[in-house]
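Notes to accompany the following structure.
Chain naming follows the written order as A, B, C and D, and within any one chain the residues start at number 1.
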Amino acid sequence: MRLLLDPQLNPASETGWRRRWFDIIYRHDTPRARNFDLLLIVAILASVLVIMCDSVASIHARHAHWLYPLEWAFTVLFTAEYALRLAVVRRPWRYALSTWGLIDLLSILPTYLSLVLPGSQSLLAVRILRILRLFRVLKLTHYVEEGGILITALARSRRKIFLFVCALLTIAVIFGALMYVVEGPAHGFVSIPTSMYWAIVTMATVGFGDIAPQTSLGRFITSLLILIGYGIIAVPTGIYTAELASSLREASHEQSHLDRRGCPECGLEGHAPDALHCRHCGHALPAPMG
Amino acid sequence: MRLLLDPQLNPASETGWRRRWFDIIYRHDTPRARNFDLLLIVAILASVLVIMCDSVASIHARHAHWLYPLEWAFTVLFTAEYALRLAVVRRPWRYALSTWGLIDLLSILPTYLSLVLPGSQSLLAVRILRILRLFRVLKLTHYVEEGGILITALARSRRKIFLFVCALLTIAVIFGALMYVVEGPAHGFVSIPTSMYWAIVTMATVGFGDIAPQTSLGRFITSLLILIGYGIIAVPTGIYTAELASSLREASHEQSHLDRRGCPECGLEGHAPDALHCRHCGHALPAPMG
Amino acid sequence: MRLLLDPQLNPASETGWRRRWFDIIYRHDTPRARNFDLLLIVAILASVLVIMCDSVASIHARHAHWLYPLEWAFTVLFTAEYALRLAVVRRPWRYALSTWGLIDLLSILPTYLSLVLPGSQSLLAVRILRILRLFRVLKLTHYVEEGGILITALARSRRKIFLFVCALLTIAVIFGALMYVVEGPAHGFVSIPTSMYWAIVTMATVGFGDIAPQTSLGRFITSLLILIGYGIIAVPTGIYTAELASSLREASHEQSHLDRRGCPECGLEGHAPDALHCRHCGHALPAPMG
Amino acid sequence: MRLLLDPQLNPASETGWRRRWFDIIYRHDTPRARNFDLLLIVAILASVLVIMCDSVASIHARHAHWLYPLEWAFTVLFTAEYALRLAVVRRPWRYALSTWGLIDLLSILPTYLSLVLPGSQSLLAVRILRILRLFRVLKLTHYVEEGGILITALARSRRKIFLFVCALLTIAVIFGALMYVVEGPAHGFVSIPTSMYWAIVTMATVGFGDIAPQTSLGRFITSLLILIGYGIIAVPTGIYTAELASSLREASHEQSHLDRRGCPECGLEGHAPDALHCRHCGHALPAPMG
């Protein structure tokens, strides 16, 4: 949730237009602020759509004359918004170097870059990341809470998944080198890095088929690799599922153990539902309500 | 379950042929109604089979002269059934606009359309959706209950899976644009939408191989995308499994914890259903209620 | 477990050679019976290996002169064993029509068939099913118990997985017909059954790539199908995991709740570990041991 | 964890240079030992990187003149380290034949072999296995503990996963033979082992597409195999997830249920760790031990 709320952002001044705009841009609990957020989201989605359409050759050929100016219009709009954001906070550098500030910058930079390096407009697709602001609009709904549980479980699985990726890479190196020796450049395994790419593609059960073993020994090793990958695919799912189940259990535990009786003597709370006496001072507890 | 039962359907009249047909068509608990349902299911399956066979070139060449009339026969049959359904309910529009009414309409429309637009008969395969009526015949068996648990767990995971699909699409946009820039149209990544299609195919570990990276950088980015996808594949499974486990636990909990008798002497609860005496103080328990 | 033990098999006679052979062939708890089982397993594996080797063109060209007789030798051996099995049981037909009897027959039939239909020897690979007898040798180990838990969980998930396969086929029919209309025979979608094959290959994330969408609309529908398949892949895993977890919990529950105190008054067992009094007659229980 | 710690290794002598080097090489708790470990890890990673780069044709063409000597330098370094390891332990043979000793040997052998057999340097990639020593450096962090839980769950699932692989191979043999008969060498199914390779690739949802069915019957059998594989993919995940969940539960159970004090008055157990009085009768509890 740290990513979504940022209590350290303060308005540049307590009154005046900067304060008014700060409330519109950075807060999400007034009607005007919510309208601004919605407008921004529409603009982001429209802008990404324009970039996507412009990349299709047939659309580009016919509609480039108005898509190109539109792209620039969106960029100017987002640049103005970025400048405004920096203008109304007390410490502009802090915002500029925060995750959100960097995403804002990245989402306007490629258009200016395209004046020097043609073709870099496609990188504007990074603008889609700004859509994560969507969560701030939905803040009052259940989505953030649900997302919170998903992210908590991911964070808890962090170390286990890191170990898993290490194991995966180790296997990819060994099988990659083995296949490079066994199949050789003639069958598409042109180098160890390429073989590692193939090993990852195979173990993850993607299997493009752009590179495939053609010797009997290579096919035998591939079968082995697949069986190992098949056994290993269980690991991240298992890790995540187990952590998620425990997160969900805790969440429902907190809700169900709402025995909020306080001890009349010492005030201690959090007694077991079947407790008759305070576990601290031994005084009789009131009867549970639920 | 809401989808399967529809208590708001009322017969158009309380007596006469409409009432008789209403009982046959919409109810499922009399022998005649069950026979009608079975006949309907056989007709649906046969009709879908005819459409499938007719689409095979070699079968079409040899058997079109009797498959084509058969297709029309089924359509006329289903049209008659649809008219009958509308005729015997009190509010025909309500039924026509319900999920079932729309499926019924969709399953006869393409044949008539094919008089104008040749080739649209294949869309008749949508008739297979009518087979969901099958559940109504099986209503008395365990299948509906089991399906109910599966659907409950899906419904509970709804918001989490929506968040997950959003995350997936965001990653697809970013990696799609990246690969469009890195690999370019020469290697099959002809536009950002095409690259997104490739990113989805890759992340979901389908990997057709119709489009595959060919530069070293492209392969490195692909490996990264696969590892991300591999980590992410755990999420929907984890969500669904955790929810399903909790649904199953609740279902079995409801069955096993039906005994809420407290000991009249010491107040202890949680006795076995067959207990006659408190396991703590030995006092006689009240008779169980359930 | 029903498959592995067959208490209804009785020796044809209580004494004589038939009884002796019955004990060797059908029992697994004497040294001779275990030696017979081991010998049989070695013969089965060797025979399958011969069939596999013989199918490789280069090996066939060079070694057919001794592989072919070897194949016949194994067939004669298994035929003799089959005849012996039928000879020593009291009701030969009952055995011949049991699962094991049919597998035994299937594993010798193709060789005789190959005299009439050349090439059918490859079907001898069905012999590998006889290896399931292996479990009988391992009977005293933990493997059968573990397998039992796996099979119990599968059996419990039976109905849910059937529903799931129905849902899968329904989606395959609809998307198959849709892709047949959208892509058409020109892009490999030559008929609805072929399109259904493609839909199953895609949804299950296999993705051979022998058939792949080539139009924009086709690719969009494919992305949709993949997302649906991706969401659905969670279902069987979730079902099975939840059932397996509950099976394991029950198994460990049975082991951990070994409170085997019997009531001194009425003899009832199965008290809760913290019980001080019999839940049936209220008599004081002895103190727990563990 | 047995793999990581080896208490049976003893220094060759209690004093002198061998003892000093033993402490540096085999222990990991002094600053010098940790520096040695870090240096070793850097050397291993650098050496594997050199091998990988050298396998890329374009890099090899330009940089072979200094990559080749570097490769030999690493080999001489690791050979010296290996000799030192053997020199300072009391029983060199015991180390030489341990898992670590064999990995050490394997990671220097291919370079010497390459003098006789050109091209075998690529097998040096096995050096990456030495990186597992990394865990010894990280010993004091949480990683080993987390890895311990993952490995415990894998070890517990051992027998179940073995059964699963047997089932998988049995299905691969039968479907492989079937497809060999149905599709035949003309469509790429050139032998039963090749068909088995295809069946494994298909069931594991890898689906390279280098071999794909082309007849209707073959595609039908493939759909069947995929549905079976799809159902079966749940099994290892289910096994592992269930075991992992139970491992995690036990780990947290051990932490939370450390309080085994019974009430001196009524004997009730299961008090909270901070409880001073029995929650049932209010009697003072003995002080906690842990």
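Simple rule for what comes next: contacts are C-beta pairs under 8 Å (C-beta built on N, C-alpha and C of every residue); 3 or more make two chains touch, one makes a residue touch a chain.
Because the structure is a prediction, the values reported are computed rather than measured.
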Counterpart interface for A-B, drawn from B-C, A-C or B-D and sharing over half of its contact pairs: B-C
Copy pair subunit C, subunit D: interface residue numbering same or different (half cut): different
Longest centre-to-centre distance from subunit B, chain (CA-based): D
Distance between chain centroids, defined by C-alpha means - subunit C, subunit D (Å): 29
Centroid distance [mean C-alpha coordinates] between subunit D and subunit B, Å: 40
Subunit C residues counted as touching two or more neighbouring chains: 193, 196, 205-209, 233, 237, 239, 241, 243, 245, 274, 276
Interface residues, subunit D side, partner subunit B - complex: 205-209, 237, 241
Residue ranges of subunit A in contact with subunit B within the complex: 48, 51-52, 55-57, 119-120, 122-126, 128-129, 131-132, 142-143, 146-147, 149-150, 153, 161, 165, 168, 193-194, 196-197, 200-201, 204-210, 233, 236-237, 239-241, 243-245, 248, 252, 274, 276
Interface residues, subunit C side, partner subunit B - complex: 159-160, 162-164, 170, 173-174, 176-178, 180-181, 185, 190-193, 196, 202, 205-209, 212, 214, 216, 219-220, 222-223, 226-227, 229-231, 233-235, 237-239, 241-243, 245-246, 271-272, 274-284
